[in-house]
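The following blocks contain the structures, represented as structure tokens.
Presented sequentially are two complexes of chain A, the first with chain B as partner and the second with chain C.
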Partner chain A sequence: MISLRKIWTVAERDIRMFLRYKFLLIMRAIWFVSQIALFGLVVNRMFRPDVQTAVGGNYFNYYAAGIIITMLYSTSVFIGYDIYEEADHGVIEYLLSVPVSRKELVLGRSIGGGLRSFLYVGPMMLFVLYLIGVSSFLQLLVALLSLFLFTFGVAGFSITLAVSIKSSDRFDILMGVTDALIVRLSTTLYPIAFMQYYAGIASVNPLTFAADLFRWGAGIESTALTPPLLAVLGIVVFFSVFTFLGIFLHERRLEGGGWQ
Partner chain B sequence: MAPIIRIENLTKKFENFIAVDHLNLEVGEGEILGLLGPNGAGKTTTLLMLTTVIKPTEGTALIGPYEVTREPDKARTLIGMAFQEPKLLWVDAPWDILNWHAKVCGLSVEERKKRVRWALEELELWNDRLKSVHTFSGGMRKRVEIAKILIQRPKIAIVDEPTAQIDIVGKHRIWNMLRDLRDEGSTILLATNELYEADVLSHRVAIMHKGKLLVCDEPKKLKDNIPGGDVIEIALERDVPNETFEKLKKIPRVVNALAIKQNQLKIYLNQAEEVLPRITEFFMKEQLPVRSIRMSEPSLDDVFAHYTGLTIEEAQRE
Partner chain C sequence: MVSMNLADLFIMAIVYTNMVNPTITKEYVSYFVFFAPGLTITALFAAAFMIGREINMEVRREISHYMLSLPVKRWELAVGRVLAGGLRGIIYMAPLLATTLIITYIYTSVFPSLLQLLTIVVALFLISIGTSGLSIALAVSTTSFEKYITARGVVYYVLFFCSTVFYPMDLIKSALPQLIFIAQYNPLSCGADLSRAFLLGNPPFTPVMLIDIALFALIFTSLAMTAYMKVTQK
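Take a look at the complex of A and B:
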């Protein structure tokens, strides 16, 4: 029987920890401002009208929504780095010894990792929604709920990789490469219609589901977007797979003493 | 005392290295059991298996009615552990660490605040409660680690070298707190390589070496049962030649002789008062001038030496 109280206790700890990484949070905020105020505005002027039409009439809005998803992704994966920090300080052994089941622990960490990302990106998300202008609050609500699940899934994905890879250096490099590939092979920055050979991969990328769902929620109308139902389903599958893997690996690898 | 922990053939292998080798042991409810052995004896690995942090390679253990391999979640509800190396995230403050620990163990807000404050005050950490543990000394971190168990008051408290890096006044305070914890109903499994700590705190002492349990009994019985129950420590003016030990063993009633330092040795014997003149005579004959002679009761170190042929210090170096 899973206890919601215990899941929340685990999640709450991760949220509290995140707020202590002040340098990281400030740097990510500066990155966001530069992507929107510099890159987004300049690139928007470069695009032909047909490109603008393909993305719902305004590439800047399309891009700004995508940047929010990359922010959600990059802050949710940070939980993996926490796991290495904790391994160095022996905190993993401690967490495995407290009266919390492995399911509660992984769910709590995924939710904590996702929620803290949502809390941090929240103000930026509101700013972008203000820029785009919201047309349907119901659509936005569906999108936001799905994005919650998306961040939990990304945190689960990061936990899974962190538990599978023994070296923090390797994890660091892998996350850098994964970030580059997963963002660029998605529709966070550009629509699928222009991706040619990579369109197949992009169409099943969880970042594509999240970005297109957020755009749909914000009221951007474009045939280039993934149908919302498919996007929601994709996110649910993504969340389920990586939460299950996280639990499985916690039980198999960590309890076997594999991190020692 | 009915057993609350039952360890059956518990074994842990890390590739080819056997950290714990078919361990069998029972711990009675309300008992303080000292797990004594040098570093690398397998004490910590045993404790980690009991707390379900790592899985045994073979065998199992029952924590209350729960088997650690089959019902680890339930087993953990009965256990609290204070680790050998403090498990604290460096960005956290003691107040947050202990408050979270109390919360995850299911204490109410009221009880949590009360117990956290009490433990921090008792362990003289109250004034530093909001500072990052990153700035703490080893002893202070260790006190935060011990505070977890004192706040949780689990049915089974597992403490791994609880007073390492702590000054003598602090050691006595922690020992008293552990006794109080036992008086309140906790069973305590204490892993230590400090002989005195095991002796003064434990009802029974289990001695481990190289992953194996050598013996388990009350400290007094362990000491009484050593053949050659008297101990003489002799310091010489110069180093002890190797052949001296064998020659000493040939003196009637001398059971064993071991080197402590280059010029110091310990002799285990029966009826020391009668044999002592013969021993001093022996050293005179061997032209080994004696600097000092001290007679003592056997200690747990002597028990360890009896079973392994090594002092704890030597075993540690091995």
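Take a look at the complex of A and C:
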């Protein structure tokens, strides 16, 4: 029987630990400001009128919404690096000895990893919503609930990879390559209609679902967006797969050491 | 970082090429060809800037005291650190420069002359050691980790995004007129535009590009060496 209280205890620990990563928190915040105040403003003037129409009239709003999803993704995956940090210091063995089941541990870590990302990006999200304007609070609520699931799914994805690989160097390389590709092969930066060779991959990318859902929630009217129902379904599938995969692998791979 | 740079070129730049107003990049063949030299600069800048983080950690943990116990003079240590940061940038950037040369040759059938190629390499080396110097100067300016990260982030991203690496100067003039001074004299802008001048013929080469880069390298290398020698003696 899974205890919600224990899951919350694990999640709360991960949320508190996040505040120690000052380098990440400060650099990501400055990156966000520079994207909105510098890159986004200039790049907005680079595109053809048909592109501006396709993205709902203003590429800057489209781009700002996408940046939020990039931030959510990049801060959620950090839980995987936490696991290696803990393996280095012998904390994994300590966690396995506490009266918390393996399932509760991985669920707590997924929720903690996702929730802390959401809390950190929250103020930036509010700022972007203020810039874009919100036309329907119900749509926005649906979008935000889906983004919650998205962050949990990303945390679960990172945990799954971390316990599967058990080598910090290989994990670093794999996450670096994945990060580079997953963001650029999605609609966080540009609509799928202009992605030509990459449109197929982008159409099944969970960041595409999250970005287009957030834009729909904020009221950006664009024919370029993924239908919201499809996007919600995509996020639910992503969350389910990586949460359950995370639980399965965590139970089988976490014991026995072997961390490199 | 390599995957990020290559993804920027072969994914982001290709998609942006489909979206960009052709009147903006007609002088450069296409956005993809315009961006390639800029990517070389971003790679060089990112790699050379990394040394500051290591030096800041050494200063905070007083590992610099161990460095002083080595049979290496202080000025040799300082020069070595600045040079190391610069060489890192050059080594990391070299394959991307080769990729840029191939791409521009495929699209324009033009290959720079030996003198032009040498000028590009020298300019990039100067940017690299200047960046390394800037990063080291920032790193030793404070022992507070939070202040260092903030200063580092602001300098890094302002130089990075307020330059012609991603977009031509005219766009920066229209979108961010308040920052045009930074963009014009930004060594990253000068480096990117100098490469484009020799590889694409646009913008036209002016000696100001080289002078700007040389001054940047001189000022920040000197500053970094002085500051590093002073801090290691504390």
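As a working rule, the second predicted complex is superposed on the first by the 255 of 260 C-alpha atoms of A that agree within 3 Å, B and C clash if a C-alpha of one lies under 4 Å from a C-alpha of the other, contacts with A are read in each partner's own complex, and residues count from 1 in each chain.
Here is the rule we use: a residue touches a chain if its C-beta (ideal position, glycine included) is under 8 Å from a C-beta of that chain, and two chains touch if they have at least 3 such contacts.
Everything quoted here is computed from the prediction, not taken from an experiment.
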Inset, instruction - Could you tell me whether chain B and chain C fit or clash when both sit on chain A in the superposition? - result: fit
Inset, instruction - Quick one: classify A:Met27 as touching chain B (first), chain C (second), both or neither. - result: second
Inset, instruction - Using the touch definition from the top, say if A:Met46 reaches chain B (first), chain C (second), both or neither. - result: second
Inset, instruction - Based on the superposed arrangement, let me know which partner A:Phe137 touches: chain B (first), chain C (second), both, or neither? - result: neither
Inset, instruction - Could you figure out whether chain B or chain C reaches more residues of chain A? - result: C
Legend entry - Touching partner for A:Val177 - first (chain B), second (chain C), both, neither: second
Inset, instruction - Would you check which partner chain A:Gly90 touches, where first means chain B only, second means chain C only, and both and neither mean what they say? - result: first
Inset, instruction - Return, as a multiple of 10 degrees, the angle whose vertex is the Cα centre of chain A and whose sides reach the Cα centres of chain B and chain C. - result: 100
Legend entry - Three-chain overlay, closest Cα atoms of chain B and chain C, distance in Å: 12
Inset, instruction - Name the residues of chain A shared by its contacts with chain B and its contacts with chain C. - result: none
Inset, instruction - Quick one: which bits of chain A touch chain C in the complex? Just the residue numbers, please. - result: 22-23, 26-27, 29-31, 33-35, 38-39, 41-48, 51, 176-177, 179-181, 184-185, 189-190, 194-198
Legend entry - chain B-touching residues of chain A, taken from the complex the two chains share: 6, 9-10, 13, 16-17, 20, 85-86, 89-91, 93-94, 96-102, 255-257, 260
Inset, instruction - Report the residues of chain C in contact with chain A in the complex, numbered from low to high. - result: 1, 3-4, 6-8, 11-12, 14-16, 18-22, 24, 31, 145-146, 149-150, 152-154, 157-158, 160-162, 166-167, 171-172, 174-176, 179
Legend entry - Touching residues on chain B, where the partner in the complex is chain A: 12, 14, 48, 51-55, 72-73, 76-77, 79, 81, 83, 85-92, 96, 100-101, 103-106
